[in-house]
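Below you'll find the structure I mean.
To keep things simple, chains are lettered A, B and C as they appear, and every chain counts its residues starting from 1.
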């Protein structure tokens, strides 16, 4: 029973776990760099989830081959296309995040949340 | 000719954004004028688009002529055509307004700032017009990324606020993507109209429930709906002064519109848990209206005060969704337009004061009306409109919301509307009192630098917002009629 | 077409005139000489009065001047309609604006007030709102002007910009805004249940429109806004607090615009929205009448103990306004006529008293009654006017106050409510008790106060208006119908409401 569930849906649980780790990390971690890393983990989880949707047993990559004529023999290419975009977006977000981190380090001399809050109060 | 309007409206600012940074290298101000020209052109085209939509009904634009379920679609109806106009006007005003700031910075900062602002406008326009769920995600991220940059430009605290907003905003985007994945897994389509047809069969209620929970959380974060508003006050407060009106005026509204699209257009009243979601939204909006107003009462910083007031005002908009009748939806959208101008107008006024005197704290601006009578006069109109004093637009949106609430016998909503506007009155009259009555302890130190009023570039947006508040109020019937062309078919009846 | 422009747009002109004046004064502000500012006020006041007077014949002839300006919200128009009840209030407000303007000039100059631009602008705005109130043909239009009036009065209350002014400002806003918002909610409810907003003489709410306890609650939600402005106890406390404002403002608040707008709002709600039958069926009118009775007695008691002249007059206003409310709530044609006539009578009498108080203050800087011993020696004309107005307030025959009171008492007797009639008699005596001491102190012969030994009246700009109002109040008492047929108009209003009711 559990075996079939895991075989069929197990991957979903794994991505869910990854998503949970990412979100928890964003909330719990005190170091801004770690938060950024966790944010990436969270994004990757959704990308995995999407890719799982595109998979099917016995399908091949969605590149037109002469030997495979039936559409059912290919895996669904759309989630891959979408996730390509999502990866680019997440790359952009990470880039902005890193730039902001660089600025924070520059201005506050630290990327620990505690230091930043303290210094923010000092400046007032 | 008018066939390509939907895409041109979005495309022009996008191109301008690319050109802006490049051309800024030639001369500091070329880039800015490119942006202003592009946004004005978009504004003109959105007006033409609206007239066409009123005339002939909704317009669909298919990218590369791939028909609906396969290709990406832009669909324009009367509601989002009006929102397009709103975004263009606010974007244009903010661009003009920012002219006066950063005069001395080098071309990279000026060019970059305008590029980012233009990208923000592009993202908002795209989110509004698109009819494709994944496309919405892309535009959402364009909006968010450019907003992070604009907020980060507001100094030391701005960077931290932007970073925090980025983390929360990315969670929102991720949740949205997850919701899209759930819907896509069940329906196999990404087109909203197509998805709506498939979902209406009623087989997917549980998946829809899961997706909707994700959407409400995601758009809730983006529109700063209570209790997801945590990022918003810091972000609005510390954003760059010249970009703040656009961020505060337009950015929170478009996710609200997206939420409306999902709840009412994609899901529709046939959705099994529809009433349940309306209830949840209602509770959230009621909490937002009360919580935001109460927090705003305690603020000393004008920017924070206005930011918390935005939390409350977003509650009005979602309250309209929660009531769910066409009239309530029209009221919500009227409030969306009205509030965009009120809040942007207030932030323009605050910007004008900051530009002249560099003061943000309420304690430092006593009797400032003597120095800036026009700015302060308009600030009063915007503040009264927020409280809901006729004939400003705030009253009329409240009227439609209250009317719809009473028709549905949701007496609590009506009571909360009354209480919330009274709470609004408390802090807006405190603001007015500071500006007009209280003696300021530092007033003698406020030296006039040149003219007393702010310059024309700053006053134009202020005056336009003022006119818009009154005009929207007095012409509300026309606007509501236009809105009802589309809204008449959705929602409860 | 020309005829249409000249005739039918008249209510709009009255509103637009004051609005333009207000905007002009605010924009020109300190850039022009103060004479220009005052000239604008005067021009607007005179034109407005002429405009209002020109509508009286049409009202008397029973012609309808109805003007649908535009759609204000879906399903409801922004409409003006000149009816007898509105005409009475408009007559009072526009006539007294001229006199108060003249008086204001004297007061503000004599007292070297600051912030005069804001003062005149807000004053004109108040009048604009009042004109709108008078001619509003439906609840929504009425509410719009009602809220504008609330906001426009605020700068007048906090005129001195000091701590005390701020406190009364807060109090004023707290009372009026809360009641205004509740009024709004009630309007929404009424609209949902009846589907109409237009004022109808005799009301448009049927007795069974709302289930019983709710009918009464909605009645008080609506009428609440009116009685807060009219200062019916226990909602009166903003009114004495607002006494910190300059005297012309007090005169405006008490006699011309604000409290009268409250009384007028009560009139519209009770007789034009709910109508006698529904108001009676939900017991709202009865409860309100008893509140008014209590107010009349209690406020007179308080007035007796006040030493500050303006405060004493303020409590007198609280009581007098409740005459109007009581007159409305008796639900009888006589009483309603009397209530409407009392709007005129009280306006002229009370404004005389306030102008006298202001004139005393500007000339001698005295505010307390005990300090005014022998002041009649110095300002005989002022104090004569004060005496006349006091006697008028008490309701002596041949004064305007008598006509209105006699009508209300007749109505009370006819309606079989002798206690109400008795209230008026008691209150008249109390009015004498709190006003006569002022006169006795002022004209004391045995003590000669050296300060008041020489004759020295206030300057003519203040003296003339108060003499005019004193004379008018006698003329209206002797010949209620003289000139403008005001009594006829009041009777017409009463009959139009109760025509179906009594027959």
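Definition applied: a contact is a pair of C-beta atoms (placed from the backbone, for glycine too) under 8 Å apart; a residue touches a chain by one contact, two chains touch by 3 or more.
Note that the coordinates shown come from a computational prediction; the quantities given were computed from them, not determined experimentally.
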Taking mean CA positions as centres, which chain lies farthest from chain C?
A
Using only protein Cα atoms, the chain sitting most centrally is B
In angstrom, rounded to a whole number, how far apart do the mean CA points of chain A and chain B lie?
28
In whole angstrom, what separates the CA-based centres of chain B and chain C?
44
In whole angstrom, the CA-centroid distance of chain A from chain C equals 70
Any idea which chain B residues touch chain A in the complex?
134, 137-138, 141, 144-145, 148-149, 152, 156-157, 159-160, 162-163, 166-167, 170-171, 173-174, 177-178, 181, 184-185, 190
Touching residues of chain B toward chain C in the complex: what are they?
327, 367, 373, 377, 384, 387-391, 395-396, 398-400, 402-403, 405-407, 414-415, 417-418, 421-422, 425, 429, 433, 436-439, 474, 476-477, 480-481
Complex interface listing, chain C residues touching chain B:
26, 29, 70-74, 140, 143-144, 147-148, 150-151, 154-155, 158, 161, 165-166, 169, 173, 177-178, 181-182, 184-185, 188-189, 191-192
Spell out the part of chain A that touches chain B in their complex, as residue ranges.
19, 23, 26, 32, 35-36, 39, 42-43, 45-46, 49-50, 53, 78-79, 82, 85-86, 89, 92-93, 96-97, 100-101, 103-104, 107-108, 116, 120, 123
